[in-house]
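Sharing a structure here in structure tokens format.
Should a chain be cited, it is by its letter among A, B, C and D, assigned in written order, with residues numbered from 1 in that chain.
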Amino acid sequence: MAKLSPLGLLKSRAFRLLQYLALAAGLVAVPLITLPDLDVPARVLLNIVLWCCLAVFACELAGKTWLRSKSVQSESHYLRSSEGVIDLLAVLPVPLALLIGIPASTAWLLASLWILKLAILVPGLSMLGRVIHHEARALASGFIIFLIILVLASVALYLLERAGQPDKFGSLPLALWWAVTTLTSTGYGDAIPATLAGRIIASIVMIGGLGVFGLWTGILATGFAAEYRRRDFIRNWDLVTSVPFLKNLDPPAVIELTRMLRRVDLAENTVVVRRGRPGDCMYFIASGEVEVKVEPHPVRLGAGAFFGEIALLTGAPRTATVTTTAATTLLMLEVTDFRAFTAHHPELAKAVEAEAAARRNRSGAPKSHARGPRLVENSEKD
Amino acid sequence: MAKLSPLGLLKSRAFRLLQYLALAAGLVAVPLITLPDLDVPARVLLNIVLWCCLAVFACELAGKTWLRSKSVQSESHYLRSSEGVIDLLAVLPVPLALLIGIPASTAWLLASLWILKLAILVPGLSMLGRVIHHEARALASGFIIFLIILVLASVALYLLERAGQPDKFGSLPLALWWAVTTLTSTGYGDAIPATLAGRIIASIVMIGGLGVFGLWTGILATGFAAEYRRRDFIRNWDLVTSVPFLKNLDPPAVIELTRMLRRVDLAENTVVVRRGRPGDCMYFIASGEVEVKVEPHPVRLGAGAFFGEIALLTGAPRTATVTTTAATTLLMLEVTDFRAFTAHHPELAKAVEAEAAARRNRSGAPKSHARGPRLVENSEKD
Amino acid sequence: MAKLSPLGLLKSRAFRLLQYLALAAGLVAVPLITLPDLDVPARVLLNIVLWCCLAVFACELAGKTWLRSKSVQSESHYLRSSEGVIDLLAVLPVPLALLIGIPASTAWLLASLWILKLAILVPGLSMLGRVIHHEARALASGFIIFLIILVLASVALYLLERAGQPDKFGSLPLALWWAVTTLTSTGYGDAIPATLAGRIIASIVMIGGLGVFGLWTGILATGFAAEYRRRDFIRNWDLVTSVPFLKNLDPPAVIELTRMLRRVDLAENTVVVRRGRPGDCMYFIASGEVEVKVEPHPVRLGAGAFFGEIALLTGAPRTATVTTTAATTLLMLEVTDFRAFTAHHPELAKAVEAEAAARRNRSGAPKSHARGPRLVENSEKD
Amino acid sequence: MAKLSPLGLLKSRAFRLLQYLALAAGLVAVPLITLPDLDVPARVLLNIVLWCCLAVFACELAGKTWLRSKSVQSESHYLRSSEGVIDLLAVLPVPLALLIGIPASTAWLLASLWILKLAILVPGLSMLGRVIHHEARALASGFIIFLIILVLASVALYLLERAGQPDKFGSLPLALWWAVTTLTSTGYGDAIPATLAGRIIASIVMIGGLGVFGLWTGILATGFAAEYRRRDFIRNWDLVTSVPFLKNLDPPAVIELTRMLRRVDLAENTVVVRRGRPGDCMYFIASGEVEVKVEPHPVRLGAGAFFGEIALLTGAPRTATVTTTAATTLLMLEVTDFRAFTAHHPELAKAVEAEAAARRNRSGAPKSHARGPRLVENSEKD
């Protein structure tokens, strides 16, 4: 039914919504269909839902493959990228399983692979992969400590408890199962040491489990902090150099500022600052447009402009409400960083003050002091 | 009974205490009233307590609404602020539920919403919100990994265990329940895999749970550290610039000092330093007043003064006890930071030494050396 | 039996050992005496042990009180210090309990307060207290989130499960008990939600529990890192300024070096570096004495000297074994920090090289190059 | 069968593989042999596997001992090193146990000590040991808090619950067992307090457990971050100074760069960068060789050269695929760090640009601008 313009369809908002809907519906329907006491109508309904979801994903896969094959400059093949593999895993396994004769109730379990599609939707996952990659050695060390405690503890418990509880600790694999549930602090309670020595060793295992856990956490926290700083820097660098006002600073200052700014992506018609609220940051517009609601008539600011600086310079509350008129990317500079930065680079503070004063004059406000603390935060930039 | 001056009443210490008391009493009474074997007098008593608490919260709501409506300059409506919503949720639900015919024992459960009032009392909660907001993407990545492990593990366990334990793993929702309790390391022990393959997968899930947990912790630790630094800086900046002695430093030095100082809020009649104790910090008075208990007659120091510097300069123990005479805000500079700061900015050390010497002369102490190591820590500032 | 010289006795090594022994014996005996099936001889023996421990602690308390009362310059009373209170709690409760007629088996449980003596032995505990004190607000925020989840979840579970499991969720206190065991991921498994809605809410509670846990960990990690830096700085500062070689550096360099050095306390006759091992740090002697085992005859180095620098300058393995001849405090400078420091402060590297060369000449080694890579690491300092 | 050339055999890849295989087979066979319902053929097979593993480890031990005894310059004895002790523990215990008459099923449990061999394979474990060593005092403080909560909580629960549940809380050791499982959040559920007071104390213990856990995690995270930085610095320093291009920078710049570079070890025939992919880092070759697949004929770059700089200078995607032709160690400089470094040290950027331009000219590319954005990333270095 959508053979005419697959390109437009695939990129349309409606199809995106349909994808999300199919994913949500599918991930709810898969568990429900396994309920043993379903009546026939419900089972039929769930099957329809699942087939529809599969159809949506198949359309998506076909569309993406067709689009990518058309774009000549892309050299890497879509179906060999991680996204392509996940899309294939979403579409092929269920029909294949049905074809080779696996009963439907089992075959549809393969639809649980749809959960992998979440990994495409969230961009942060690749960052996580980098952290785990960089810290692989340290994490492996922690895992080996885990294994050593596990094996030695389960041998000890097997020796101590096999006589008293042969059904729980009668072989080393059973003792290993106990050790895993204990060392991860899961504690099912299906196997519990009964001898004094066994309980003392179990206590050491539990405390050791906390230690291993703490180790992993520490390693991941350290790695994550480093990776986060790095990613923010890359994302901000291009934005900073796209603001004429900022890119004229000398290079070390640009580096410093890039580390301080925080990117904010806003949809259309979002309120950025609200009049009368306390203000603790100013904004540079990297792309998009905002409207400043000032008294005579509202003014619009485009990419490269800044606003919200009065709250930083005077400590007064916000003097005007600012809303976005299009999807806008802002760079937020917090008061902490503004003060720290301008202490070492007073030229930014001067430039901000000069531009703010110039704008006030141009917008015809006779004397900002005469109007008391309610200054116009920003005027039109032309 | 307090219709005459709601303003005074609301701001009074007694009403604050009453609020805390009502909150504590209410949060104890709500669980107690659900006990099935209560006798009639106890039930009556608890009902009276609950109605009293409700009355206190209603008075608070009415008073705050009335006060805010009077103050013209406030533009944002109180009842639409988060504080107002919480106050409304504390007062309205129970009467409304009783009105529409819900039995009292169930209606009073809505009084558990009073716990939300704790969120108003503690200011740090907004900071937490900021951390979660800033780290939302990273936390979402961690959550998606959690979901992927959850779904794949429960499908595997459902396939492996449904034959042997149909009551525990007989459907995917049951297997998902097992996976959640295992992946969060809760480990109720109501559903336990019995097959070897099931137990191996369960072990991987447990270890993966520790990893996801470590991930969240690492993200939150990183975000919290950044937010904490930022908030302290903002709080300290205004205090530092209110101390004449400090604000004359050059801007980079003020920034550095702002990062080092720690704000200390003290009530009236609190001992700040005690004579004879080792001293590892000095204090600047941002607001309030302290009394230095020196021999001839105690002296008082007001906002802008400093004390405790002798312990830093000489390493001797505290030479006098200092107590606050009013609610006082101090800025504490630890010996670590004092030394690090004065190494780069010797002018502060010199100024502190000069002022300390000047004070000794003015207060008539003939020669501080003659009195041995027991120097007066601070003298009157005029 | 030790009336003659309590001072000598209290400070003696033997009495210290006796204290540790009494603490260990007491903490083992207290649990054992509660075993219900003890025979009479064992009970008598344990009673003797406990009374002996109590006698040791009483002697310690009496001795310390007497010593402190003699030392006039100490103004703070021993029995009001935290150490004194712990010592009192170790001695008084058991006899008092026996006097007022509590049966011996219960009275001796008060001897479990002896565990508090561990807090005196380990100095790091006060640091922990500082961290918790500084982060109190943030930790309280985390605790309030914990409480809000706890109360709302238990109300929901009470409503959902009270019909099906009146013995597990039949009142709000029972539901709160379930919520605590679940939110802390303890998971006893005594109360388990059975309805679908209850299990979904329980899953949210479990995941929320991980979040709260991560929050606390993040706050404590941040606070601990700051406090650790601060304490090390204070401990190292006095040591650095006691080494003549280091204290002549300009103040910013001293600050930097203080942050880099790590204090090492060693007992008599401990091997510090071993010949032939790779070396990645050098040492400054803050106090004590070491012996360098060089060929003609070993030389001794006292406070203010340094050794181990050749491994840093040349990358060769350790050229001589160095052992302490008395209790010694060393300041360790790792190769990382040595290189980073000397990059900005080349004077230290030059001074180290000059002194090393001078020593070689003085100790009569004709040409260090002639002897190949086995240089004497340090020679006598006079 | 390998008496002829033990040296070659021990260092050969085949023997390494055999070792890994023996370790894996042994660690699987040890648990299996304890299964009570094994039939005779399986038991015989497992015994053969275990004896083979033991033989491999014995050969390894003999070979290493013989090799080390030959190398005169090594002064430390192999069998007294930690590696030697682990190798001995892998070989001796089982035969010794069989000799003194322990039944085979028990004696083979000692083969679980083979797990310790994992600690040799992973180099990161020594770093972990350093962290724990450095943070020993802080971790001990956390452990003492753990012990104090443990003892006081179990005394309280013993008093409160012994009347109601004498089989669960009838003695202090039983109560201690409950406290350990609860404080570590394991929660077996075998002993559960039933009184109100007992449950309130249990709740405090559970929350305290989270706190202690957070404390340990915080300490380990802090220590790990410091140790990690230190180790990377040492590993990178020698590599940086082996690249002629980098070691001519002034010392503070070398220090800074050493902190930024990340070491990457690659096997032969590994793709380093792929044409058309976005590039966010450049590489310096510390050792080994890479081949740049450029159009006329591929060029090779050896130790001291760099590549991948065009993506950093222009932001264009990778212009050529680069693969290693031998085992290669690279130093990766990320775009973040490249920009931060060249902002303060513009000489590196200039040198990189100059060398890149020179190479293009030498390799005969007439004008790189003429060919559009597809520049050769690197040309031959002679």
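By our rule, a residue touches a chain if its C-beta (ideal position, glycine included) is under 8 Å from a C-beta of that chain, and two chains touch if they have at least 3 such contacts.
Computed from a predicted structure; not experimentally measured.
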item	value
Same-interface partner of B-C, chosen from the options B-D, C-D or A-C, over half of the pairs matching	C-D
Chain A onto chain D, rotation angle from CA fit, given as a multiple of 5 degrees	90
Same vs different contact residues, chain A with chain B, by half of numbers used	different
Whole-Å separation of chain centres (CA-atom averages), chain A against chain B	27
Length of the line joining the C-alpha centres of chain A and chain C, rounded to whole Å	39
Multi-partner residues of chain D (at least 2 other chains)	173, 185-189, 213, 217-219, 221-222, 225
In the complex with chain C, residue positions of chain A that touch it	185-189, 217-218, 221
Residues of chain D that touch chain C when the two form their complex	75-76, 134, 137-138, 140-142, 144-145, 147-148, 151-152, 155, 158-159, 166, 170-173, 176, 182, 185-189, 192, 196, 199, 202-203, 206-207, 209-211, 213-215, 217-219, 221-222, 225, 229-230, 233-234, 237, 251-252, 254-255
Contact set on chain C toward chain D in their complex	27, 30-36, 106, 109, 112, 115-116, 118-119, 122-125, 127-128, 143, 146, 173, 177, 180-181, 184-190, 212-213, 216-217, 219-225, 228, 262, 275-277, 280, 334-336, 339-340, 342-344, 346
